[in-house]
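Encoded as structure tokens, here's the structure I'll be asking about.
Here the chain labels run A, B and C in written order, and each chain numbers its own residues starting at 1.
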Amino acid sequence: MTPELTDNIEKRTRSNGLFRYLVIAGSVITVIPIFLIVGNLAVKGYRQINLAFFTEPAPDTFQAMMAASSGEVIPGGIANGLTGSLLMVLLASLLAIPIGLLTGIYIYENSSKRYAGFIRSLTEILQGVPSIILGIIAYIWIVKNVTRGYSALAGSVALTIMMLPLIIRSTEETMKMIPITIREAAFALGTPYYKMIYKILIPVSFSGLATGVLLALSRILGETAPLMLTALGSPSVSFDITRPVSAVPLLIWDFYNDPNMVNLVWSASLFLMVFVLSMNLLSRSFASKHKYI
Amino acid sequence: MAGDKITKALLFISSLTILLLSAGIVLSLAGGAIPAFREYGLGFITSTAWNPTAGSEEYGAMSFIAGTVITSILALLICIPMAFSTSLFISEYYNGTRTAGILRSLVDLLAGIPSIVYGFWGFYALRPLLVNLGLTDQGFGVFTASLVLAIMIVPYATSLSAEIISMVPSELKEAAYSLGATRREVIFNVVIPSARSGIVASFILALGRALGETMAVTMLIGNANVIPKGLFAPGNTMASVIANQFGEADGLKMSALIAIGLLLFIITALVNAMGKLIIKRFA
Amino acid sequence: MSYTPESEHVLEIKDLSIAYEPGRWAVKEVSSAVKRNSITAIMGPSGCGKSTLLRAMNRMHELYPNIQTKGDILLDGQSIFAMSVIELRRKVGMVFQRPNPFPNMTIYENVVAGFSLNDIRMKKSQRDEVVEKALRDVTLWDEVKESLFRKGTFLSGGQQQRLCVARAIAFNPEVLLLDEPTSALDPIATSKIEDLLGELKKQYTIVLVTHNMSQAARISDDSMFMYLGELVESGKTGTLFTNPRDSRTEAYLTGKFG
């Protein structure tokens, strides 16, 4: 008849409970670093955040040493990094947003063609390329051949290549969510194809597109590696795209080793992290609030 | 209609940018790497030499390939239990609850922190901790770098795994429960076999991210151009040697670095493609 | 496992109330009894609580985290809430609306899945015996005996469902619960399952939820009619259908609402 039920219910129940505790413990351990990192940065970084932080360029190590030895706040700030980042991100956006948008629309509109699928695959591969390699590429293309030297332009090009796949994919995903009936309604009213794209497709998906752009921006704002090989860094505030320029992450890289400048670097890191995370959260809440579709 | 023709042309031209970019990247990398391969042949890949002194220059990629592989795999091993338990928390035990939502947001925050901030934090906060524990002299080395790397890739493994796990049909789980299985048994006997490929794919993709990670590793691995001699010994990865030495390189050395970049590009592309393939087959 | 001497009623439901959320009672103070070795049908329009009631019988309703339960259900005189859930589910098995054999297991493994999931070791000869008996009892044996070690997904819907029944009866439970077991099957498969249930009731007690009144009329000995969470009427099927006492029962049976 039925074989004897020779299992051990107690043992199974215990192992069930134990596993649950392991899952909870593992999850807690996973998120502890966030609190550690944010906490450390907040505690050590707030002191240097003042008006000068935003308006003055970084001091040299000697000035910093003087301040450090007398326990004062280091004079200066990260203005050269802020302006450099701003410059390059702006330039990169100018290039990446239109191209990314149009390519995303192209892939969406022609998704049945093999060529479009091929482009989509290439975009995916591009997205996975380590950022330092894009730095090498921008070095070869721009630093060596265009500006004959490190420059903000080279940095922007590297950032552009990083932004493109993100914008292309989010554009395609956003468009996929638009109900076909909206297009059909437009065509039924006699709208020509190009008007449908400019006047219906893009406006309707605007919030989704904006979210994609914001996410791409938050991604490149924190990037350092490609800029090391292209923008190099500069001690002064500069808006010349053919010359080297600094960036907030670059400042951190330049001075992280320097015990005199350490306080400034804590603040720069705090600022960078808060800025990037805020943009992240902003784009997420933007996405959920404007769920048109 | 003229407007239509122009628009269609514009769209097509945009798509060409990706084509040109991709081709350009491969060509430039290959072109820049050729001098190194011409000089050292394919042995470049397996050689651990790294001698920049003029006159007896010799370069090889193996130390860095080893460094990359070791740190990435170690990071993945550390990441697996964390990502696994977190994704089970989110998608199984506390699925749909606010706690799970909060946990998911916290994990997403981990993904938003820039790499250089991780490196900096690791430099000043983690290293002293490891030194105090007596595990290492100065705190630089494979272990420190892998630990921070693990924290960085956890969000990628977790979010994808969690999604796959939540897609296991509830009727399969119900069948198992109705036969008297405990929750743990349902997870191991029904959920995991069902979600297995997706979970593996998520770890492979996390590995892909770890392979290309630069800043945090550069700041923590100790920058020794040799194959790491032990868990806490210093080393260098492909990405970090480029970051460190590209700026002052020229000629043969630069070509060697570009060649290393090419190798990194190939390895990352292969790993990512494998991960995506598994997902496509699975879904 | 202790039995009280075999009584007429295998299951007794006492004032059972179940709420998914505070205040939303899906089952309201239901009291009834299920006779041994019979087929009892629970019917009623959508949302009347019949599935909830059925799932309470093997405490599957507890999979919902916020569930509230009042009242009791007795299996052979013992409260099912007092015994271990694992033991309960060996005495009360369940078959679901859509056939759900485990896709990563062979037909053979599916039949004994209950044992392997519960970590019960058996000699190969014992396992073979269990598999053959269960598959013979559901009249699947001849159809699959050559393909026992293939994954079950090539079987037709009706065969898959019979496989699920085999899996549920491998434990030799006392009660078999079926939640709309034929609603996803074609008419031929449906009638095969109905015939099967008629045979199985000789060994097991069967409770089935159905939204198909004619099925209830065809195969059940007793029926329960539920409406908006309440047990409106219950009794021998023949009597209930020809002479319903409650006007709501009559309205349902004559198709005034679905």
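One rule holds in what follows: contacts are C-beta pairs under 8 Å (C-beta built on N, C-alpha and C of every residue); 3 or more make two chains touch, one makes a residue touch a chain.
Bear in mind the structure is a predicted one, so any value in this text is a computation, not a measurement.
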Shortest contact path, subunit A to subunit B, counted in steps: 1
Innermost chain by mean C-alpha position: B
B-C compared against A-C, more contacting pairs: B-C
Distance from subunit B to subunit A - Cα centre to Cα centre, in angstrom: 16
Subunit B and subunit C: spacing of chain centres that average the CA atoms, whole Å: 50
Centre distance in Å when subunit A and subunit C are each reduced to the mean of their C-alpha atoms: 54
Where subunit B touches two or more other chains, by residue: 182, 185
Shared interface positions of subunit C, touching two or more other chains: 86-87, 90, 118-119, 171
Numbers and ranges of subunit A residues touching at least 2 other chains: 12-13
Of all residues in subunit B, those that touch subunit C in their complex: 97, 169, 171-172, 174-182, 185-186, 189-190, 193-194
Subunit B residues within the subunit A interface of the complex: 1, 3-4, 6-8, 10-12, 14-15, 17-19, 21-22, 24-25, 28-29, 32, 81-86, 88-89, 93, 103, 106-110, 112-121, 123-125, 151, 154, 158, 182-185, 187, 208, 211-215, 219, 239, 242-243, 246-247, 257-258, 261, 264-265, 268-269, 272-273, 276
Touching residues (chain side subunit A, partner subunit B) in the complex: 12-13, 15-16, 19-20, 22-27, 29-31, 33-34, 36-37, 40-41, 98-99, 102-103, 105-107, 109, 115-116, 119, 122-126, 128-137, 139-141, 161, 164, 168, 192-195, 197, 218, 221-225, 228-229, 232, 249, 252-253, 256, 262, 265-266, 269, 272-273, 276-277, 280
For the subunit C and subunit B complex, residues of the former touching the latter: 58, 60, 63, 65, 85-90, 93-94, 96, 98, 100, 102-104, 113-114, 116-119, 164, 167-168, 171
Subunit A-facing residues of subunit C, complex: 84, 86-87, 90, 115, 118-122, 126, 130, 171-172
